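The letters A, B, C and D name the chains in turn, as written, and every chain counts its residues from 1.
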Amino acid sequence: MFILINLKTYVCDPIEIAKAANSISNELDVRIAVAPQVIHLKEVVETGVETWAQHMDKEGEKVRTGTVTSAGLSEAGVRGSLLNHSEHRLLLAEIDESIKEASEAKLETVVCANNPSQIAAATSLDPTFVAVEPPELIGSGIPVSKAAPDIVRDAVESAGKVNPKIPVLCGAGISNGEDVSAAIELGAEGILLASGIAKSKNPQKSIEDLLSGI
Amino acid sequence: MFILINLKTYVCDPIEIAKAANSISNELDVRIAVAPQVIHLKEVVETGVETWAQHMDKEGEKVRTGTVTSAGLSEAGVRGSLLNHSEHRLLLAEIDESIKEASEAKLETVVCANNPSQIAAATSLDPTFVAVEPPELIGSGIPVSKAAPDIVRDAVESAGKVNPKIPVLCGAGISNGEDVSAAIELGAEGILLASGIAKSKNPQKSIEDLLSGI
Amino acid sequence: MFILINLKTYVCDPIEIAKAANSISNELDVRIAVAPQVIHLKEVVETGVETWAQHMDKEGEKVRTGTVTSAGLSEAGVRGSLLNHSEHRLLLAEIDESIKEASEAKLETVVCANNPSQIAAATSLDPTFVAVEPPELIGSGIPVSKAAPDIVRDAVESAGKVNPKIPVLCGAGISNGEDVSAAIELGAEGILLASGIAKSKNPQKSIEDLLSGI
Amino acid sequence: MFILINLKTYVCDPIEIAKAANSISNELDVRIAVAPQVIHLKEVVETGVETWAQHMDKEGEKVRTGTVTSAGLSEAGVRGSLLNHSEHRLLLAEIDESIKEASEAKLETVVCANNPSQIAAATSLDPTFVAVEPPELIGSGIPVSKAAPDIVRDAVESAGKVNPKIPVLCGAGISNGEDVSAAIELGAEGILLASGIAKSKNPQKSIEDLLSGI
């Protein structure tokens, strides 16, 4: 089970959330990671929590300006990066090249996709995880595991046909333990969530509530 | 066997090429299509040759300005469209949505990709064809079937694992019958080519030469 | 006075609109142009009406696939191209390079922009015209000349400070003669409009109605 | 005089460079800022040196994933951001909106552009500074102030006509004091440089050398 908390550009306290996630992760022995804005990555790494980037740019062979590199993430102790989040979509070729660059830098990757056929495509590119998130449910508070269970089930099946070793995360609208247990029943091996924690007045309690579903 | 001639933005006579392709196609009973610039699409359709677009935009739900729509192509008698050519790369989600829009408009699609894993990804999205074109060989005159036979062979295998009904075209550097027969031996069921015909002083002869390899 | 009718991707009869625009243009001696989808450009040119493209790609030095080139437009008898429409926004550098390529190919350009400071920026790049279109009013049926007269007045002033020889067109929500005369009073030397004609059941009558405002 | 050192994605020690820049800035009373990769921004701020971002994303009204926000930069003590670097080009409308968002967050901006007419356009959008950098000279080691003095002189003149209060920085190929003094003679009020410092074995000495030209 892998819980990845995407803080997006929400106004929130990434350190408070990181500390809460870290202590619960240690206590319950569940893998929980936090993906803050890149400007907060180093501080979040220092809390001890598993830390992910929300996006990583393909470096290619040229020096560039204003991009987030695999080398920079790796050196900072970041564990992996989301790629192709529906709020940061990438070219097919960029996803492919970014996964390869991440892998060379010993970074894990979660490639997001909207539906089962895109999940199969993403799985073909050999990331560490894929995450299915129907864009219309992101930030909606309506859990994909209830609103569109077939999409989750079909995504798990699609990914499994391509490569059964790549786990599928379930995203979009997940906010409590009930949603999490529904996702697990549908075959998801992890959860990608954002507003449910980032906008919570009590992140510690919200994360505990999530984990009650495992 | 499917030969798709991409005229790109080359300065050439699309009508002369279309007529040559059409007469050879009829004579030898081989499927040959021409993809001119969009401004020439209607004239090329009128020659009777099978006509393809070089690119099609996803329409989505909003009216747009300056895009090429599936409705426009379909109405004009165009048969299909290239998508994600390495000179016109698309977001993963755009490829998916464009294939669906094309299919609804009864248009075929060829999705281009750089390497076997991208070919598997493209095949997952259920286009009519996929085409493998290593970008470094495009326009090089060095045939992929000789320079990188493993890429073609692996692309055919990758696509076959995902969906054996979707034929793989071989592109990049193909210019004569020998290249074509090499591609066929590697498992390709068609050829995507450009400069070999578009820059030829005698397109009729160049197309005939290509077909000598079948 | 210059009336530029952008047909966008609307389902409409471009030839009927072109013929109506052409006959009224000749009759009233007013400059009226039609910008159809690129697939219809050649047919629209043949009606005799002044014909514009909705978008033109920067060619650069490389051959490309699926783009609309200045050479292609020029050869087809097209008079000019919209650039940076709010439904087809461009990089600052692309606008600059496209204006230069258009100019070398003897094509005119209308660069669209959202507000007075962008209009000043666009004017600095030396296009033939600039067009101010607040995005929130596009397709709204609410004429910019009424909803936001200050934007039009300020755009005319901004452009004038940079280069008083470059006329400002007024776009967004224009549909009748009253809107046109309001735009002229605010300093516009032309009109860019779309749905008011493209969605009209009687384009001839709608164009005549527009011109009653001059 | 303003010296802005862009560390791009170069492998270098941003803290060493920041400390050197800070001590020389204090000693000589010259404004010097360092723009590290975003992951290093907070550490660089802590050295006391004036710190800039290499890029900032327009936030708009929606929450986003994997972007660099004006709020995040401002809260971290960053002073400003480069926008539209030739390695990170932006839409005209994005530049406009980003300058406004930066200004609301009390951040300064340097908008990069390739040539005098783009400089005039950038100046119209009211950034704090503009920087002229012919792309072909970036990273070349050939100083723009020698290779293309007219571009610098014309850029200063272009910007001055639009708004004489916005200073012009000179970039591309600057690496020593002689280049800097040539740029000042051409009317530049600052320098944007990168490889000359970021790839230097002795950044302290390289910065001192630069300042010998003032």
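Here is the rule we go by: a residue touches a chain if its C-beta (ideal position, glycine included) is under 8 Å from a C-beta of that chain, and two chains touch if they have at least 3 such contacts.
The model shown is predicted, which means the values in this text are computed figures rather than measured ones.
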Intersection of the contact lists for chain C and chain D: none
Among the chains, which is located farthest from chain C on the basis of C-alpha centroids? A
Taking each chain's mean CA coordinate, chain A and chain D are separated, in whole Å, by 34
Round to the nearest whole Å and give the separation of the Cα centres of chain B and chain D. 44
Among chain D residues, those touching two or more other chains are none
Connecting every touching chain pair, does the picture come out as line, ring, star, complete or other? ring
Run through the chains and report each pair that touches. A-B, A-D, B-C, C-D
Residues of chain C touching chain B in their complex? 6, 8-11, 37-43, 53-55, 59, 62-69, 71-73, 76, 82, 85, 87-88, 139, 194-195
Spell out the residues on chain B that touch chain A in their complex, using ranges where they run on. 84, 86, 89-93, 95-96, 113-115, 117-118, 120-126, 158, 162
